[in-house]
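Every chain is named by a letter (A, B, C and D) in the order it is written, and numbering of its residues begins at 1.
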Amino acid sequence: MHNLLKGKKGIIFGALNEHSIAWKTAERAHEEGAVFVLTNAPAAIRMGNLEVLAKKTNAQIIPADATSVEDLEHLVKKSMEILGAKIDFVLHSIGMSVNVRKGNSYTDPSYDFTTKGWDVSALSFHKTMHVLYQKKAMNEWGSIVALTYMAAQRVFPDYNDMADNKAYLESIARSFGYFFGRDHKVRVNTISQSPTPTKAGTGVKGFDGFSAYAEKMSPLGNATALECADYTISMFSDLTKKVTLQNLFHDGGFSNMGVSDAVMEKFE
Amino acid sequence: MHNLLKGKKGIIFGALNEHSIAWKTAERAHEEGAVFVLTNAPAAIRMGNLEVLAKKTNAQIIPADATSVEDLEHLVKKSMEILGAKIDFVLHSIGMSVNVRKGNSYTDPSYDFTTKGWDVSALSFHKTMHVLYQKKAMNEWGSIVALTYMAAQRVFPDYNDMADNKAYLESIARSFGYFFGRDHKVRVNTISQSPTPTKAGTGVKGFDGFSAYAEKMSPLGNATALECADYTISMFSDLTKKVTLQNLFHDGGFSNMGVSDAVMEKFE
Amino acid sequence: MHNLLKGKKGIIFGALNEHSIAWKTAERAHEEGAVFVLTNAPAAIRMGNLEVLAKKTNAQIIPADATSVEDLEHLVKKSMEILGAKIDFVLHSIGMSVNVRKGNSYTDPSYDFTTKGWDVSALSFHKTMHVLYQKKAMNEWGSIVALTYMAAQRVFPDYNDMADNKAYLESIARSFGYFFGRDHKVRVNTISQSPTPTKAGTGVKGFDGFSAYAEKMSPLGNATALECADYTISMFSDLTKKVTLQNLFHDGGFSNMGVSDAVMEKFE
Amino acid sequence: MHNLLKGKKGIIFGALNEHSIAWKTAERAHEEGAVFVLTNAPAAIRMGNLEVLAKKTNAQIIPADATSVEDLEHLVKKSMEILGAKIDFVLHSIGMSVNVRKGNSYTDPSYDFTTKGWDVSALSFHKTMHVLYQKKAMNEWGSIVALTYMAAQRVFPDYNDMADNKAYLESIARSFGYFFGRDHKVRVNTISQSPTPTKAGTGVKGFDGFSAYAEKMSPLGNATALECADYTISMFSDLTKKVTLQNLFHDGGFSNMGVSDAVMEKFE
């Protein structure tokens, strides 16, 4: 490894189990010399095995519901105490559609569920940055990354209201990224990742078929969780200091494909 | 006029006074032979003079709070009774940020206000299409248009949380547009309009300076409310039957400018 | 019909036979009250039956090789004489890849053919506007449209070097559109059309399979040549005066689809 | 430094003097453990001081006119001999508009100059990849990067025909990137860099004013040549293996700004 994050301090949201992108990112950040705090919602912590990761990466766990400003304030305050410094990098890897879980179609949702999913998946990113910004908790040239999906730009029918949530999330990255850049020299970007067989990914209806389709469409194939972690490390490192407000596709080329030869074979 | 909408029936949301884009669209739709219902929130109806427009265009007014599915169900049912037919076109011209009204900055909002503004400005579009879709209230090749602003793609600091709301709105257009197209041959698009001195537009901080900037940046100058009405008519007409899921910039060219000579003069 | 182009004068490039989009556009422009000149390269005129269209639409034919500035100067001068006025609308519907014709792959072209195809398909649009601009041949609020294809944004392997030519063409629309808007209030746009079974379209390898794929992907199905003509009429009309520098997708929604249910069926 | 490119072999086009992005990239690649060949056109080599860089980075210089397939074939063959291996990374940093040099306006160019500039600035990238692909000269997971500018998407009047050339260049990256990815697992991307005071950059009319404008518009300010080198290193490294067909903005956020407070001050 390369000591790319040597001396850097961070907060990583959303690791559930060893399939999570946040989990792989934590492992890679540790290898690259970073120290960080792990966080997730209490329910998610109970469901997964975050303490295994914490042990492996010498990290402490601070539970926080990312829809609660109070929880986030506690998280940020506690993280700075534990890390003994301001924060250099943050990963937001949080998303959940209640409508998807309950089997509601996009055209007939429960709007209470829509609102809850939006709060968890999108507004939580604003709340996180709000707390970091108000507390002046980020170091200059710090890097904030949220994970997203291309359904924010193009229609994937089974992605349901998560498409709209991701569009809102990406907009927050630009909107808040402006103020964070202007005032504190912090960069904010989203990484738009291939379909990935995480807990969240496989919860999308028809994941296997869709993943196979994306694999055939992408000239380099789907990007794995580990590859996404690598890319995220590059975005946390000092190599990318002037990249901000961007939505970065990490998808083996899928996003700029109209059709591949491999997909066309099915239509000939 | 050209009888472009002869025989077409519609619902027009959001006309407040004679400066409103929805007002101009209603006038133009009337000239082009359409019949329609006018709607707005009860409070907005009290504030404006919608009955003047109703008289002028032989339209009935049905008050409806677009955040209320019940109100929307009543509106759609009543509209079909009045018009004696299914609906051919719908204009959604609704937007309001409580944070802007209250003077909250983007980096320090009240999240209750954020949620209220999102519900009014963005989710209302989903609710409207939800009711139209569930009630099979649209004719084949009908056209649904929502007005939006380029802050959904790029940062305009004073646009505040309306930027994120518009990103969500545009995503709804794509997401719901897919199902509406697939199932009922209805098209759904958004029109991204120049800064316009409507009641809503002038409520944005620094509107005058910003409007002057946009005027100087755009090779054809800013688009007016009347010109936006004309463009909307084209999107309701049969000339544009295969345009769907699009966000259409109507802005004198602003959206594809990096810088104009007129703007550069200020920096030389 | 609606007299949408009543009194307007135009030049229409690229009609070959009754399948051509330019042919349909000429028929529709005639129905809407326009008068115009038809033009194409001498070889294309010999290959098709343009005189049938000329008769039907009361138009004169002026042969011109659109890669020749001299031919274009003659065309524009002669057109203004015939039409007795400046020009209100121009359709550029020209494209041809010599590498495709000769069966060269994208990865092993003849660069002489690449250059020839670029000159015919892309630079010809600059030359056309160059002549119109230098001769001040366009009326204020005139409209110039070129046809393009989404291969300019995303990869369609069989589209070969036409993808790069269309990217260049679309860039010309923006670049020249700025000057034409600023100096003469003329708008310039491209329409990005579904795969269409014209002479040029069916010349692309694997057209049938690809067209079937696009049909399944698009919520409203592929747009036809006639529908494209209708859309082009709307762009020539006064309804769209402030739309400029845009690339407008006319494709039944294809451009904003990630995947449709109908396509996914093949992968499940 | 981090040994990010340890063991990797490359070819770097376009270093002229110590202000060149290619120069900085060579220095950084050397620091990160890469070995490489430097190349430029014979005339450019005479104009600059490439031998200083060659000495500093233990690199050999192979002159090549990038518009000549023969020269490129010699370059690639010779590079593999010198490096004793296939190629892992390539930087294309070449661009020149003869019309700009001669003072021709965009609306009145010499088309011979337009063609020459297109060949040098855009087609040279196709020719380079053509030779690498045909000779199977790239290692799997190799990385090819070309530098570009946002004028490919949006209008910057003084950028002249380089805007169209960059649009063509970016299209080549996608088109060839598909085949290079599918067949050889090689990724191809473009980096869209802030205005940079290199020899080429300062040749654009009004560079100083424009650079000041971009600085004010970008929340993180303009990206420097050294920062671009760092970003390019990240794209050559194994951290970004699944990023392909992308145009990556490296510009302090400029590309996603509508307007900044600092720019608005001039309009209030």
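Assume a contact is a pair of C-beta atoms (placed from the backbone, for glycine too) under 8 Å apart; a residue touches a chain by one contact, two chains touch by 3 or more.
What you see is a predicted model; the values in this text were computed from it and never measured.
S.K.: Moving only between chains that touch, what is the shortest number of steps from chain A to chain D?
M.R.: 1
S.K.: Report which interface contains more C-beta contacts, comparing C-D against A-C.
M.R.: C-D
S.K.: Based only on mean CA positions, could you tell me how far chain A sits from chain C in angstrom?
M.R.: 42
S.K.: With centres defined as the mean C-alpha position, give me the chain C-chain D separation in Å.
M.R.: The mean C-alpha positions of chain C and chain D differ by 32 Å.
S.K.: Residues of chain C touching 2+ other chains?
M.R.: Correct list: 154-155, 157, 174, 177-179, 219, 245, 253, 256-257, 260-261.
S.K.: Of all residues in chain A, which touch chain D in the complex?
M.R.: Spelled out, the residues of chain A in touch with chain D are 2-4, 174, 177-182, 185, 187, 194, 219-224, 227, 230-231, 233-234, 237-246, 248-253, 255-257, 260-261.
S.K.: Could you pull out which chain B residues touch chain A in their complex?
M.R.: 69, 106-109, 111, 114-115, 118-119, 123, 126-127, 130, 133-134, 152, 154-155, 157, 161, 163-164, 166-168, 170-172, 174-179, 245
S.K.: Flag every residue of chain C that touches chain A in the complex, lowest number first.
M.R.: For this pair, the touching residues of chain C are 150-151, 153-157, 206, 209-210, 212-213, 216, 219, 253, 256-261, 263-264, 266-268.
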